[in-house]
């Protein structure tokens, strides 16, 4: 579904992504792991067009994504829920949700599904998004992404800054997405939990993919265990 | 800087027409004013479009002192500078205290200049209102008296005076190396600067006050040179804008940026007006406007950034076999 | 007398508000200071003037021509001048300088095209007024006031209730998130700028019957428009309206009670005080930029 | 850094090359009579806020020079050439341009310069360079109170205009008694003026003269001509309910005042405006029929009875009117263009010939001397008054403010013109009057008191 | 008992209705490395902001060497000898790396030339010497972290408050960094907020655990690792923080 080949990205003269190859197949949940500063967010942004690629290619369903305007990519089915949520704080929850719904078809049904799944949001539909708690905001941000009816939903650190209970809810929600037929590609800090819901994982370090295995082997990988799980 | 001063001294001895000298004086005047403006607005990034307020305060103070008490402008300009500093404190302190930045600061500065402008008109008993004031013309026989009164018959002495001011202005800016670094840091990230032990408000206020002091001294020079001031020309938006223009077009936040800007823009405006002003009214300003827009679009960091751009281009070109000439750009 | 002062102040405020609505939109969404604002006003006034004197088109009707024309001009200016400057460290300063340059261009273009003469038109509203319980309401200004309120209401509706409006608000809050939601930020910017310019055009049209036009007439509205925008709060149209009315009242009262010369000093001082204590403006919700 | 300095040096030399190459002006030395070259500098604001009237002034000057040159030039044999400079409505630029005209074009005479502020700046330059400034429109008194030797003004100073209007009212005591039932000196007067140098000076004349007659000045207010709203001032006038409104402003505020006064229902029996704003074509265009019956005090009789001029000047006047009408489509019965034309004519037809006859050359000194010695009868000036100039040795003390003026034509006076059917006609004084003044605004005027 | 250099007593801070720091007290002893841990949003960075004067405290007191420093501005606190780094690195984007460091050296240098002389040394410590002429804006996140540390070191503080300096480092780099911090410990007191458990457990002399703005535990690393409250609140959620 999403195929990244030999992708390199730089900021100014500084290259941050080096020849990255990633593939996400339809219906999969894939996680991208790596320390801060490894280039995970940059990679996500490049897929969405917020950061231009230097070389290499990104295809989505056979289409060259790099040739599509950033703002048209959601319409192709590629949606990113950015790090730090980036809700429109001065708009109501419902406005935040509907703004992403570029397609009339299925809009109502999706909204209903969201309100069913996340009753908190239904309660707060008229509240300004900026006044909600962090967890509610994150839910709203994910819901906003869902409203775009994506084929591939990407999440950049959805659990960042959330209370543990909420983090679990977030992971629950991600699993529900899979049930809805949405392919998920996400960046996380919680390695163990992430690998539990993902089928495969990529490990990005210093802008390069250093490891790519299915979740189980990754969880058992010595290097991962030592560095990221703190298990010596 | 030494070479530069030397060149300009040599220019002094060239057989120039009076008008060419006049343009040189104006150019140096704006180079000086731009340098003063640059300290606060370039280095510290607080864009003021109301600096004319301080020019006016300086000019009127020294002129009033001279015409009422025959106080030499040399002392008058210090007095004017101090009054300007007081006015600046009135606006700068609350601005920095309340963290006014970006367009808000710019708008506040415009408002201050407008207030000064209106008050100068309103206080017509003291300031002559919108008619302005003339410098009492003292015909002097000795050089010493001319110097004391800062009034000369030819352009040459003014040229030397403003050359001196400009050099001092540059020197002050140059000597304030530490403060300059602080200001740049504050411009780039106020919190990070504070965390490193840089007092944000103190440095901003120092910069603002020196900036106001410098342009106020420029105001005194303006009085002595034009011998006439009125609120429209000395507290008006045009003067404020011109100070900003020379600095920004030249490269704000750099030592020589305002000077470069002044040396490009001032002769250009004069030449445009001289050649086109009498032909089709408005054409010269029309072209000037277009030039500003084009300049900003293609050189957003000012002319001072040109060497860097050329170097970067050259570095890229050097990798390729053909080597482009970079001299044609200016 | 007191009521008359209030009425005059409010009508003046209406004009100020009308002139500043377009600026508010541009300043609020794109966050640039358009120093050529008043000059666009001037261009629109010239347009109205010539449509009236040459083609005999009633100024209020010429809105139908000026408004779309200014949308086009806005698009053009945005593409040519504003867009290349956006998204850089120097954007703020450079847009100010560039629009100042644009101001020179427009003023002197008008001068070259139409000479420097004062031009004013007389319509059936010029110099007329409606009397209401002994209070005289200037006809032209009353209509300007009505238009201003209508524009504010309409804009509020567009921004709050329509899809485009929501997109505009989204872009004004977070351009990156807006892009991720499939909003073409560039398009919204172009639209906002064009619409903002067109609103200035509208203000020019409405002002022409009660005013006069010459190449630098816009200068006098510029500062006032900025004051009102900041006073009312960025992106808040009710704020712009209220800001305009407040300034109108201040000037009206200061003019009668103190001196007409000091009226502007008063409004400038109020502006500074508001800027210091409540930078988000009277109605604005966002804090400092 | 070195590169910067290099660039800077390059720019400096580029500039020097462009500007410095201009030739130094040739000194106008002693020359044979045939070699006399009459070359002057003209400074007017043709861009910026003052451009509207500045351009009209420039047109008036050009037409006078054109007419003289068609007849072979000054004295029929010395054609006039001039260099024009745009002051951009900015005194500092005016001064800068004056400097350029003097030093690089070598002009011994400057003419202009529209506003009093610009005139003040230019007069400084003229004084320093010992060049004549023939000031034709900067009317503020203060311009000539500094004891300058080289600035001359032929027309009446602004306070004289203000004095004239009050004197005119006093002279109509009988009519006022009849209509308002009180004597002229008991009238309630409102003085309203723009706060620029010219407005303030006119108001000084109004005030001083009204004080002289012990009139009741109920309103004395200044406003900025830039103002976009005059309602507060109109409300102030309205509540004072004056018998006479003495108004001084520019065009834009003049139009605005008229419109807002109508809207706010201001009425006043006698309305006298002081030129600047009200005596220009743009004002008539702006207010249309409302201009009718407005009286304006001008330094020239705008549309006089030509019997007051000598035959030669009557003919020049007729030619001017027809030429102007042909060229611009409207007659030049407004003070701006007429004033410039008349004074340019006076300068080249009376002053310059006298200078050439006396000294055989066209130099600043010769011209200044000719001006100081001038005694031109009223009939030889289209200004409607004669010309004798005060000097630093013999200053003229004006009778209403008591200031000492140097370089002022103390024969000068102001005139009252009145609009009839959209055209200004001279109504005062009697020898130049074409029509009788209508003192009270007639009922059909929107501002008339019913 | 070691000499107490910084005493935080009962500090509270709320934003709007949210209590970010609730009655937190702890001491910092001279020459130690004090680790502060806690889940995201526990108030760790807020504590740093309060100590360094970026936010005024609502109540309580902060005492540094017998001097009350609450209420002082950040720059004054820095001058007294307490320097912090920011969790989200704050380089001066328009300045080169060398100038970034220079700016940091300046406030405590007598002459600009002194500060300049110190730049290279600091650059080497944080291994940015090859990037001296690069603009702050053009750094990768990792380099920004290093620059952040470099700037803090340049102010030559007595107490160094490090906010997640390890994040983004590879194991080898982490070891280097730990060595560096241990080296620094010889002359400075260090308070470190960190996510990487391996690091914090290894390096800290003492550890404080914050949760929801409250201090829930304090003790030696070993004690913390065994503390039930901590395990429940922080470690015991099945997943440990990666970095």
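Lettered A, B, C, D and E in written order, each chain numbered from 1.
In the analysis below, contacts are C-beta pairs under 8 Å (C-beta built on N, C-alpha and C of every residue); 3 or more make two chains touch, one makes a residue touch a chain.
Just so it is clear, the structure is predicted and the values come from calculations on it, not from any experiment.
Engineer: Where the contacts of chain C and chain D overlap, which chains show up?
Structural biologist: Joint contacts, listed by label: B.
Engineer: If you average the Cα atoms per chain, which one ends up farthest from chain E?
Structural biologist: D
Engineer: How big is the gap, in whole Å, between where the Cα atoms of chain A centre and where those of chain C centre?
Structural biologist: So the centre of chain A lies 42 Å away from the centre of chain C.
Engineer: Where the centres are mean C-alpha positions, what is the separation of chain A from chain D, in Å?
Structural biologist: The answer is 76 Å.
Engineer: Using mean C-alpha positions as chain centres, tell me how far chain A is from chain B in Å, no decimals.
Structural biologist: Result: the chain centres lie 52 Å from each other.
Engineer: Counting only Cα atoms for the centres, state how far chain B is from chain C in Å.
Structural biologist: 31
Engineer: Return the residues of chain B touching two or more other chains; collapse runs of consecutive numbers into ranges.
Structural biologist: Those would be 118, 121-122, 281-282, 285.
Engineer: Mind pulling the chain D residues that touch 2 or more other chains?
Structural biologist: 46-47, 51, 55, 195, 224
Engineer: Counting only residues that touch at least 2 other chains, which ones in chain A make the list?
Structural biologist: none
Engineer: Can you name the residues of chain B that touch chain C in the complex?
Structural biologist: 47, 49, 91, 94-95, 98-104, 106-108, 110-112, 114-115, 118-119, 121-122, 237, 241, 244-245, 248-249, 252, 280-283, 285-286, 288-293, 296-297, 300-301
Engineer: Hey, which residues of chain A end up touching chain C in the complex?
Structural biologist: So the residues of chain A touching chain C come out as 48-50, 69-75, 79-82, 86-91, 95, 98-100, 102, 144, 148.
Engineer: Which of the residues in chain A come into contact with chain E in the complex?
Structural biologist: Residues 11-14, 16, 33, 35-39, 134, 160-164, 189-193, 205-207, 226-230, 232.
Engineer: Inside the complex, what are the residues of chain E that reach chain A?
Structural biologist: It is residues 39-41, 134-135, 137-145, 167-171, 196-198, 237-243 of chain E that touch chain A.
Engineer: Where on chain C is chain D touching in the complex?
Structural biologist: Where chain C meets chain D, its residues are 1, 4-5, 8-9, 11-12, 15, 108, 111, 115-120, 122, 126-129, 131, 136-141, 210-212, 214-217, 219-221, 224, 248, 251-256, 259-261, 263-264.
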